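Each chain gets a letter, A, B, C and D, in the order it is written, and its residues are counted from 1.
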Amino acid sequence: MRGLGIIDRKGAVFLAIVLGAAVLVPASNLGLAETNPLHVSDYLVPLLGKYVCYALLAVAVDLVWGYCGVLSLGHGAFFALGGYAMGMYLMRQIGPRGVYGNPVLPDFMVFLNYKELPWFWWGFDVFPFALLMVFLVPGALAFLFGWFAFRSRVTGVYLSIITQAMTFALMLAFFRNDMGFGGNNGLTDFKDILGFSISADGTRTALFAASALALAGGYLVCRALVTSKYGKVLVAVRDAESRTRFLGYRVENYKLLCWVVSAMLAGLAGALYVPQVGIINPGEFAPANSIEMVIWVAVGGRGTLVGAALGALIVNAGKTWFTGMLPEAWLFALGALFVLVTLFLPRGVLGLWASLTEGRRKTTAPAPPAMPAAKPAE
Amino acid sequence: MNDQASQPFSRTHCEKPKDCARTARSARRLLGYVFLLAALTFLSGVQPAAIGAASAQPASAPLAGADLAPALALLGTDSYGDTDAALGRLAVSTNTRAADIVEAIRDGRLLFDPQSKAVFLRMPDGAVTDAATGAAVGAPPAGLRPVRVNNRVRRAIDAAAGALALLSPDNQKRLAAAAAVFKSRDVSALPILDAALAKEGDPKVKTALEQARAAIIVASQSVSEPERVSAARLIAARGDQDALAILSSLPPNSPDAVKAAAADGIEAINRSLAMWAVAQNVWYGLSLGSVLLLAAIGLAITFGVMGVINMAHGEMVMLGAYTTYVVQEIIRTSAPFLFGWSLAIALPLAFLFTAIVGIIIERTVIRFLYGRPLETLLATWGISLILQQAVRSVFGPTNKEVGAPSWMSGAFDIGQMSITYNRLWIIVFSLLVFFALLLVLKRTALGLYVRAVTQNRRMAGAMGIRTGRIDALTFGLGSGIAGIAGVALSQIDNVSPNLGQGYIIDSFMVVVFGGVGNLWGTLVAAFGLGVANKLLEPFAGAVLGKILILVLIILFIQKRPRGLFALKGRAVEA
Amino acid sequence: MDSQSQALTQSLLYLDNVSVVFDGFRALNALSLTIEEAEMRAIIGPNGAGKTTMMDVITGKTRPTKGEAVFAGVHDLTKMDEAAIAQLGIGRKFQTPTVFDMHTVEDNLLLALKEDRRAFSNIYWRRTPHEKERIDALLERIRLKDHRLRKAAELSHGQKQWLEIGMLLAQEPRLLLVDEPAAGMTDQETADTADLLRDIAKTQSVVVVEHDMQFVRDLDVKVTVLHEGSVLAEGSLDHVSANERVIEVYLGR
Amino acid sequence: MLELLGRAAKGLGVLAATAALAGTIGTASAQETIKVGILHSLSGTMAISETTLKNVMLMLIEEQNKKGGLLGKKLEAVVVDPASNWPLFAEKARELITKDKVAAVFGCWTSVSRKSVLPVFKELNSILFYPVQYEGEESERNVFYTGAAPNQQAIPAVDYLAKEEKVERWVLAGTDYVYPRTTNKILEAYLKYKGVKPEDIMINYTPFGQSDWQTIVADIKKFGSAGKKTAVVSTINGDANVPFYKELANQGIKATDIPVVAFSVGEEELAGMDTKPLVGHLAAWNYFESIKTPENDAFIKQWQAFMKNPKAVTNDPMEAHYIGFNMWVQAVTKAGTTDPDKVIATLPGTKQPNLTGGVSEMLANHHITKPVYIGEIEENGQFDVVWKTENLIPGEAWSKQLEGSKDLVADWVQLNCGNYDSVKKTCLGSVTK
């Protein structure tokens, strides 16, 4: 690859912060006393960990939306599938410590009278296999879906809506108890991961660090893609798809590649998210969630990977804050935030920062055009 | 625990099955006498006194010339068992007030005094009278409580009323009575049935009576075999679920001929029912489709025509539903007589209200976002959150009651398929809305401007069309239609702040599936998906059915990337 | 068709009896046309004559309802998609200039260069000196040397037209389809464009669709007049402009 | 106004948190008050049911403060909104316990929300009072279940129908999640044990928020017309009930033909329906607003005053919170501290008069004794109690009817175990830390 050439100034700052957090947060949580002003409380660590996972997810969404013009309203599906893969591993780790003390079957299977483990649960007690599935399952779904959709040139809002249909269908399917994924209750009450107790501070901080590293890694992967000639073609596809075709590029392959990569990153985010929040259930497939992910990206600034991560952080921190601060009225605040951002920061928070610094130096981030992605046929 | 506290359970003395059984049995026996006595009275106009003698059973002796007093005494004890028994007595009472009292019990207008156990009857006009005499009571004692009714008592009421009605001069009443007997299949009803049949003039009622009679004799040992066979045939001719029930529940010791006849009947009925079932499912599909259409049609304007990814669409529907609620509340409190019209009144108001809300949204937010469809998604999503929370804080998070006017409740049958009125009306209504909208867009100046603006904003502007205003009006129109959809949906779904969320996804599916910007596409898509869904449901079940539909949509879009009715040719790429 | 097409290998593009129908409307009606190697052809005709549709058929954007479209005698264009046809060596310039606004002039050309088009290999791509030379040469030729690092969006209309022609050249196609290159250009630019095209036509075949009669005259090549989806007349400009029907339906009096 | 105080303090707390987020000083909030966490969704799909419970808790706490608070300190309610989002429930629980240092939490409605917070309460060793009827099959050291277990609702209801209505044919209709699944499994086993033939039982599951009931209601009608008396046992979840009953009414199914007994439909839900067509359908609960006792009358008055709404209704989960809160108050007073371990140890055995004239007791399995009432829907949206159990029924954590759990016992007093296998004589699974 092109080594450090892919990191611009913005990216450098971003990576510095993320990697810094990966080291400092655990250090302060474990090393410093509760009373120390710099101590990061046990409450904050998993919370920050959750935000970081969301940030990675947002980066994944931004890759397909910001650079390839594919607005996915179904990325929650990939996120959740990655989460379920990890969740299944964690369930198997419980072993005989379930309430029914069944060494093999998770509790929900015991009371649904499963006699033995369904085939699709096989192997999930082995971490490497589970980890493989974290990438493979979302990747495979994305490949299948994208292969058909891009080949038959489904674009714009039509594509967005069928991605939504996809996640909606999956949600209904996973809600069914007959599916063997725990139905509405999903997978929960995890005990430990890789032998470490999931509720131990050490594990928590380790998970946070892992998430931070994953975010940094994911960012670098996306960055490598978008700064390559491949990335230039992607942007070309976003801005003038048919023109790109007439230049002889197989647009569908270009889309498919970044679609699958994005799905896998989303899956990874989900896998890191589950052990930190302690539950995965079909609610994660809800179309509303997928819409929110898009909103994080828009708030942060589309087409700038850093902005996506920033947006995820802002919106979710805001959510945490509002739901505690004004439980009755927080939706007003959140809704207002979305409206105001669209009206006054068309290029998101980062866009604002960019336009402030524009005077001195041009931002290298390709600012999104008047978003052609979802133009209904007129 | 004071006696007031123990009140509710004093009535539970019939918990021991023995008691219940006894009361039930006695009730049935009494019912028998009712028929018998009534029959006799009817045949020979002898005066009541003679009747006791005529019916020689000793058990009936206390009933002879039954007077209201014992019944009323039972009614004063506030116990379901007694009430049940009392109804039995009332039914045989020749006192002209009996019917009124039965009716009063049903309507909860029969009151009793917990202390004196005296029973009073509140007339529909509110005046309290002495139940026994009907004489107006100047100062009714305080703490009167209505005689309470439960399912068991309700059944007794129906039975008694039905029994009396078999000979009522009113055709409808006789018809209902016949149906009631058909249900109860009480052997002791035979004599009066025969009597009624003998004098029955109305053919419709006659068949009903005959079927009731057949239902009884087909299972009775005391009837000759050929008669029972023909009875079986007669019932089979009904061809409906009830007939099936009777034929399939024949006593095992019935003669083979009867059994055979029943078997043939069952087979025939099942065959016809299977065919009707398909028709029924199609109907269900159509009515589901009409709901989808209603939900989507407003979106077909704001999203389909204007290209605004309007996530607040569902909330417009919700606002429409709440408008209906408010209207009904006002009517309930200030003008109850208008209730039948509540929906009619709500429609224009809902349209205006949501349209205005829509226009405000358009002017304050959306107009800055044209040409940036995805920002509209973001902003309208925010708006939808705000609207939901607003409704939640104004009306509270719980469901609100929206009543159905009488003309929208109930059902009627076509062959073996039952059509509920509210579904029927909703289908009709959705089509009306659709074609009205079509007219507006195709025939009016507004429609012309709308199409002009949406097709080429700059050109339209150049031609002096005030595009801003047209945008506002168009969005208002779309929102308004969503509003009136809400009025209809309030009849079949929750009226709660989450109402809209339930429809937004389906709406988008329908509009996109039909082809954005094509109203006809929306129509076909809505009904197509509805019917497909309902035809799948019996085999796949509700959940899998829906999943299959979604997969079907995904695959279909592969074949037609621009929906059902996509514009072809250069225009698309232009 | 094969036996036939074998016989036609010498002609670069061969359209025979091509018809295209959009819900009842005949955009092309039994159109037949052949273009030779290194030939420049001007296509004129009133609006809706089917000029753009013809280009759509050649570039694989539209499938003909019936008829043959054969390239270099062997490739059946009706069975290939845009990308494949472009890789065969057919370049197209649109009526309204479509360049990648978000990319620099240089990158626009880079993306057009005749190179590996596969997604994966483009991830590991590094710029080669050879590519640089070619881009420099192209910039020279389309007179955008000083604008190399500007965003295409910032170019003037004429410059965009030229950039797009430059991208066309970068593809090194055997056949160029050029749709109204002179539209919205100053007279000077128009003249320059004509020169450029004539220059190109020395080595590659060019099909120019144009309304501007003066421009067509400047090109001074064989002219085909389309009307209602089929060829109305063919020959030198003077020859066709003498044609009664042509005058009637197009040039007018 | 107390709520405002609560919010203000909350605000400070959260500001502190965000400050800590920025790496600056995080201040622990003041300790003069005893904080009580309220973890009920105020937005999203569950707000419909849970908002009332938040309000009733605020009322109870206000009441307690009027009585002089607890251990000489005032109680302070800490309200958060988990927004019907299950992971958010866990996060908020953690926030309440670690940041706000609440002494106990009253909250959750859906099983999944409870499941999602369980690990948090176990890890941080705090107390959760769970006020909703649920599927059982659970007993945790840190959780006290004040709602009904299946044996306190479902089975008595079925017995009543079999006896009083002579029902021989059963439709078990539910929303497809764990509570209906378990309840129906228990009922199916129970009915078969009672000699009901398999072909006389029809089980049907529908997704959440099912709004088109045409087909299913038609099926029920069909199933019901087989000559035997039929009843529907409904575990259909809140939101889907309205369209379900509306469809019943439209297709002309009256309570006298096919009665429906529901476990999730209370006064609150009826308030949102046109009850005229529903008259006679039943519900099984441990509390009905219509029950006449001095305690209940007082409670209703207080509630309507608190809500400033003379039409405000009360329901079963509200009573559960009433019982649970008062039990907690007793236990804390008795223990003289809010320290979780001491309170958890003290709670079992605590007796608290419920609102319907009985005295509920917290059992060793952390469930409570409750009376069971069957009510018929009346036109005025209230229930007419038609049957009640002779005495209070102790809640069973583990169902006797289910294969997996029939041998399990929960006893936190002697055995200190939530799932003790009485056959293997071992405490299964993970013993709590």
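Heads up, the rule we're going with is that a residue touches a chain if its C-beta (ideal position, glycine included) is under 8 Å from a C-beta of that chain, and two chains touch if they have at least 3 such contacts.
What you see is a predicted model, and the numbers here were worked out from it, not measured in a lab.
Visitor: Chains touching chain B and chain D alike, please list them.
Guide: Chains touching both chain B and chain D: A.
Visitor: Moving only between chains that touch, what is the shortest number of steps from chain C to chain D?
Guide: 2
Visitor: Going by the touch criterion at the top, tell me which pair is linked by more C-beta contacts: A-C or A-D.
Guide: By the number of C-beta pairs in contact, the winner is A-D.
Visitor: Could you state the distance in Å from the CA-based centre of chain B to that of chain C?
Guide: Their C-alpha centroids are separated by 67 Å.
Visitor: Between chain A and chain C, tell me the centre distance in angstrom, where each centre is the average of that chain's C-alpha atoms.
Guide: Distance between chain centres, rounded to whole Å: 44 Å.
Visitor: Roughly how many whole angstrom separate the Cα centroids of chain A and chain D?
Guide: 34
Visitor: How many Å are there between the centre of chain A and the centre of chain B, using C-alpha atoms for each centre?
Guide: About 46 Å, centre to centre.
Visitor: Which positions in chain A touch two or more other chains at once?
Guide: Chain A, residues with two or more chain partners: 172, 175-176, 242, 328, 331.
Visitor: If you look at chain B, which of its residues touch at least two other chains?
Guide: Only 388-389, 501, 543, 546, 573 qualify.
Visitor: Could you list the positions in chain C whose residues touch two or more of the other chains?
Guide: Touching at least two other chains: 61.
Visitor: So in the complex, the part of chain B that touches chain D is made up of which residues?
Guide: It comes out as residues 1, 4-5, 7-9, 11-12, 14-15, 17, 20, 80, 108, 148, 150-152, 154-155, 158, 241-242, 244-246, 248-249, 280-281, 284, 287-288, 291, 388-389, 392, 396-404, 409-411, 418, 420-423, 491-498, 501-502, 534, 537-538, 541-543, 546.
Visitor: Taking the touch rule as given, give the residues of chain A at its contact with chain B in the complex, in rising order.
Guide: My answer: residues 71, 145, 148-149, 152-155, 157-158, 161-162, 164-166, 168-169, 172-173, 175-176, 242, 287-288, 291, 294-295, 298, 328-329, 331-332, 334-339, 341-343, 346, 370-371, 373-378.
Visitor: Please give the residue numbers of chain A that touch chain C in the complex, ascending.
Guide: Of all residues in chain A, those touching chain C are 1-2, 224-225, 228-230, 232-233, 235-236, 238-240, 242-251, 253-254, 256-257, 366-367, 369.
Visitor: In the complex formed with chain B, which residues of chain D make contact?
Guide: On the chain D side, the touching residues are 42-45, 47-48, 51-52, 163-165, 176, 205-207, 209-212, 214-216, 218, 221-222, 225-228, 239, 242-243, 246-247, 249-252, 255-256, 259, 268-269, 271-274, 276-277, 280, 291-294, 357, 376, 379, 384-388.
Visitor: Show which residues of chain B lie in contact with chain A when the two form their complex.
Guide: Answer in residue numbers: 303-304, 307, 309, 311, 365, 368-369, 371-379, 381-386, 388-390, 393, 454-455, 501, 505, 508-509, 512, 515-517, 543-544, 546-547, 550-551, 553-555, 557-559, 561-563, 566-567, 572-573.
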